[in-house]
Amino acid sequence: MAPPFFAIISGAGSGTGAALARRFAQSYAVVLLSRKPSSYEPIVADIRASGGTAIGITADASDPAAVDAAFARIDEEWPGSKLAAAVYNGGAGMARKPFLELQLSDLDISIETAARGLFYFAQKSLPLLLSAVDSAPHPPSLLVTGATASVRGSAFFSTFAAGKFAQRAITQSLAREFGPRGVHVALAVIDGSIDTPWGKERVVNNGVEDGKISPDAIAESYWHLHTQHRSAFTQELDIRPFVEKF
Amino acid sequence: MAPPFFAIISGAGSGTGAALARRFAQSYAVVLLSRKPSSYEPIVADIRASGGTAIGITADASDPAAVDAAFARIDEEWPGSKLAAAVYNGGAGMARKPFLELQLSDLDISIETAARGLFYFAQKSLPLLLSAVDSAPHPPSLLVTGATASVRGSAFFSTFAAGKFAQRAITQSLAREFGPRGVHVALAVIDGSIDTPWGKERVVNNGVEDGKISPDAIAESYWHLHTQHRSAFTQELDIRPFVEKF
Amino acid sequence: MAPPFFAIISGAGSGTGAALARRFAQSYAVVLLSRKPSSYEPIVADIRASGGTAIGITADASDPAAVDAAFARIDEEWPGSKLAAAVYNGGAGMARKPFLELQLSDLDISIETAARGLFYFAQKSLPLLLSAVDSAPHPPSLLVTGATASVRGSAFFSTFAAGKFAQRAITQSLAREFGPRGVHVALAVIDGSIDTPWGKERVVNNGVEDGKISPDAIAESYWHLHTQHRSAFTQELDIRPFVEKF
Amino acid sequence: MAPPFFAIISGAGSGTGAALARRFAQSYAVVLLSRKPSSYEPIVADIRASGGTAIGITADASDPAAVDAAFARIDEEWPGSKLAAAVYNGGAGMARKPFLELQLSDLDISIETAARGLFYFAQKSLPLLLSAVDSAPHPPSLLVTGATASVRGSAFFSTFAAGKFAQRAITQSLAREFGPRGVHVALAVIDGSIDTPWGKERVVNNGVEDGKISPDAIAESYWHLHTQHRSAFTQELDIRPFVEKF
């Protein structure tokens, strides 16, 4: 039987994506999008083991055809289910290089991942979110994962920042257009290293405890954004470790 | 018997202050500061009726001597109790006037309320918050209520914006100094009218439902800020009605 | 004979581009890039009539091959001439539309014009600017024309803002990387309508005199940026009519 | 005989103030305000020796009575002379200290110097600037000297930032109110050390040449701001050495 509401998490294979999927699965069925089944399978299993509902779909969120297919698949699996939250949790695209060593393709990848992917994901999600405004338990939400580079173009990060700035522009525009229609669009500017299972050896902030951002803590903030009353929407917040310089 | 932890809310007589006091009272004993007993008395009664612990203290938060007396009083009432959260929820100071009709005293009042008051309140609170870092259930927090004028100097709001900008400067500086020591300092930029009991007749956003900010919704966001893991502190967030132009 | 120094102005067919070409032609030979010869021909003629040196090259600044060809052509025409200033004065890409009526191609055009074009133009220009650092009369400069949408994602402007935000990101990154090497990289955020010969009938700011930005005034600010001492570089400035709301 | 137009420079004793006075003296009679005659005397002599017109007035720009007296004195000296430009070039107030070691008086001094002083100086200047709108050769201007701390509250700089943020708020509000009336109000955010005669031994940016900001270069940018056409006002620009990290 189709669940009444679901959430969709792109980039579910990242540490943040996995935590988001688990958090939203406490209240909704969840769809995990990621490029490889191996990224979402353990999380889907985990959610199911905890009594939740989850499906994984193999899709590159920056590929329109794959996103089309994913939404079609959801409609088949769970006909009539309403979209309560869509999270665009982008990956990668970060090339740290002197500008003169970069290629146009570095820029293209960053734009594709951060901006073009969000654009298309939003075009598929927003009509569904709009149609859930009157029935969903919380304002339907489009939540986007930004980075330091969303608000600062550092030396050697020109292409990464270009994509992340463009993503922030889209998020702001959508907030201003769809907020008044009842959809909550917000950006979380993640300013620091995330504590992922596969990055344990990387030392940041002198290795101090909690010097890397807990993905579960990020997920709590997204859940808070999602559950905000419509009279009190946050459009943008920053998230960083207590010891991070900023 | 002294409660293990308490929160202190200044400007407890405002709609936001009352909501904050009620929200934090679900987990802590709370101290309500406001200029007139009539502002805090019903809220204190309300909290006690719900099984919470609360005291009200008559004090103008922008008056150093009154703040000194308030902290001394708390120490007498609840010796050994630790400060888990201090909320500087300023009031007033808003003069909307052509610049050439303003007086230096308009500027002074705004600075006193928004900046000088925060400065002194922070000087009293931070040593107590620091001493709670190791034992408190959540990172001890200094939370500050900003406004649109914290980030924008509009025409005819020069003095109000001056105070609010100064307040934001202090908040940022404190976040950078005390974050690494485990205290969470954050600013909420409230961008819109608040739905207070005494402002029901004021029409904003064409009178649309939820076009004024729910004080309880603000309080939820402050509580979220307070409970953020120290690896994932938010330093600043905006809060506005879904229909608000920005 | 090759002039000792030249400036290159992309988007020379716009009102701003023409004014920039004329202003920089007072001190340097200038190259005007635009998509159609009819855009640059009258300006080139004008500059020559005033005793200046100018050539026009037909090239779409967002097309890498065309930009390659343009730089090769300059090298043939003026071998050994040094690049004193490169101005990326983008055009177009502005689609004002509800988000759900936009196509990915609207996003692509904006990114191509504002960000991809700048990226490639900068990759060709920066090595030449670097090689002029020791000999040029003023710090060699890469100057970029931004817009309101560089700093604000308004409703219905998602794709335009995406390109302009991305452009700003690149400009910031380049300023941070190439400033210390002696090249001045700056962004002018043009916030208002420009007073072009072909837009005289469009009414803005209630038709008040000087309610549209004078292209010559913009050109003066770019010239000021170019002539700033390297101890006092401006990275970003806004330009708007005195009556413009902001 | 009274000159037709004059400029007034507060904080004329600083390196920047002296350079500003000299630059504006190329076109206007100038009034130099500073706390000690020894600060302005050599500059006044210098300007006169170059054929310019200048008077020095001993006044603390943050003292309303002193500012009143200064404006009265100007009216006596040069009756009927119009004010073309007023520059609020604040001094001092910078205390770099751990927050818990600061006193309320540190905050008061910063607010007084940066914000209260500007407020009063603006109240005296703006009526005069407004009355010059129709006759002055350039839009009458109120120009303000900001600092890094105008836009960033760094650790240990809470009081300095408070004053500078407040100053920026006032400047923004005035720009929005008086711009449409023809007066140009702008802030220059000086982000770096200034190369003053008395600070030669202080090493910044590893002692690299031009690693400190040339006061004359700052003055050129102020002059550019002053001479901007009213269709193309800049409200805020940053100024920093090419090697400065930002």
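Miscellaneous remarks
Note that the chains take the letters A, B, C and D in the order they are written out, and that residue 1 is the start of every chain.
The rule we apply is simple: a contact is a pair of C-beta atoms (placed from the backbone, for glycine too) under 8 Å apart; a residue touches a chain by one contact, two chains touch by 3 or more.
Which chain is which protein? Per UniProt: A, B, C, D = Short chain dehydrogenase.
Note that the structure is a prediction, hence the values are computed from the model and not measured.
Considering every other chain in turn, none proves to be in contact with both chain C (Short chain dehydrogenase) and chain D (Short chain dehydrogenase). The chain with its Cα centroid farthest from the Cα centroid of chain A (Short chain dehydrogenase) is D. Residue numbering at the chain B (Short chain dehydrogenase)/chain D (Short chain dehydrogenase) interface overlaps substantially, since over half of the positions present are found in both copies.
Sharing over half of its contact pairs with C-D by residue number, the repeated interface among A-B, A-C or B-D is A-B.
Rounded to a multiple of 5, the Cα-based rotation taking chain A (Short chain dehydrogenase) onto chain C (Short chain dehydrogenase) is 180 degrees. Averaged Cα coordinates give chain B (Short chain dehydrogenase) a centre that lies 35 Å from the centre of chain D (Short chain dehydrogenase). A separation of 46 Å divides the Cα centre of chain B (Short chain dehydrogenase) from that of chain C (Short chain dehydrogenase). In chain C (Short chain dehydrogenase), 176 are the positions where the chain touches two or more neighbouring chains simultaneously. Viewed as a contact network, the protein chains form a single closed ring in which every chain touches exactly two others.
Chain pairs recorded as touching, per the definition above, are A-B, A-C, B-D, C-D. Against chain A (Short chain dehydrogenase), the residues of chain C (Short chain dehydrogenase) that register as touching in their complex are 64, 98-100, 102, 104, 107-108, 111, 115-116, 119-120, 122-123, 126-127, 149, 152-159, 161-174, 176-178.
Chain A (Short chain dehydrogenase) meets chain B (Short chain dehydrogenase) in the complex at residues 139, 176, 179-180, 182, 184, 195, 210-214, 216-218, 220-221, 224, 227-244, 246.
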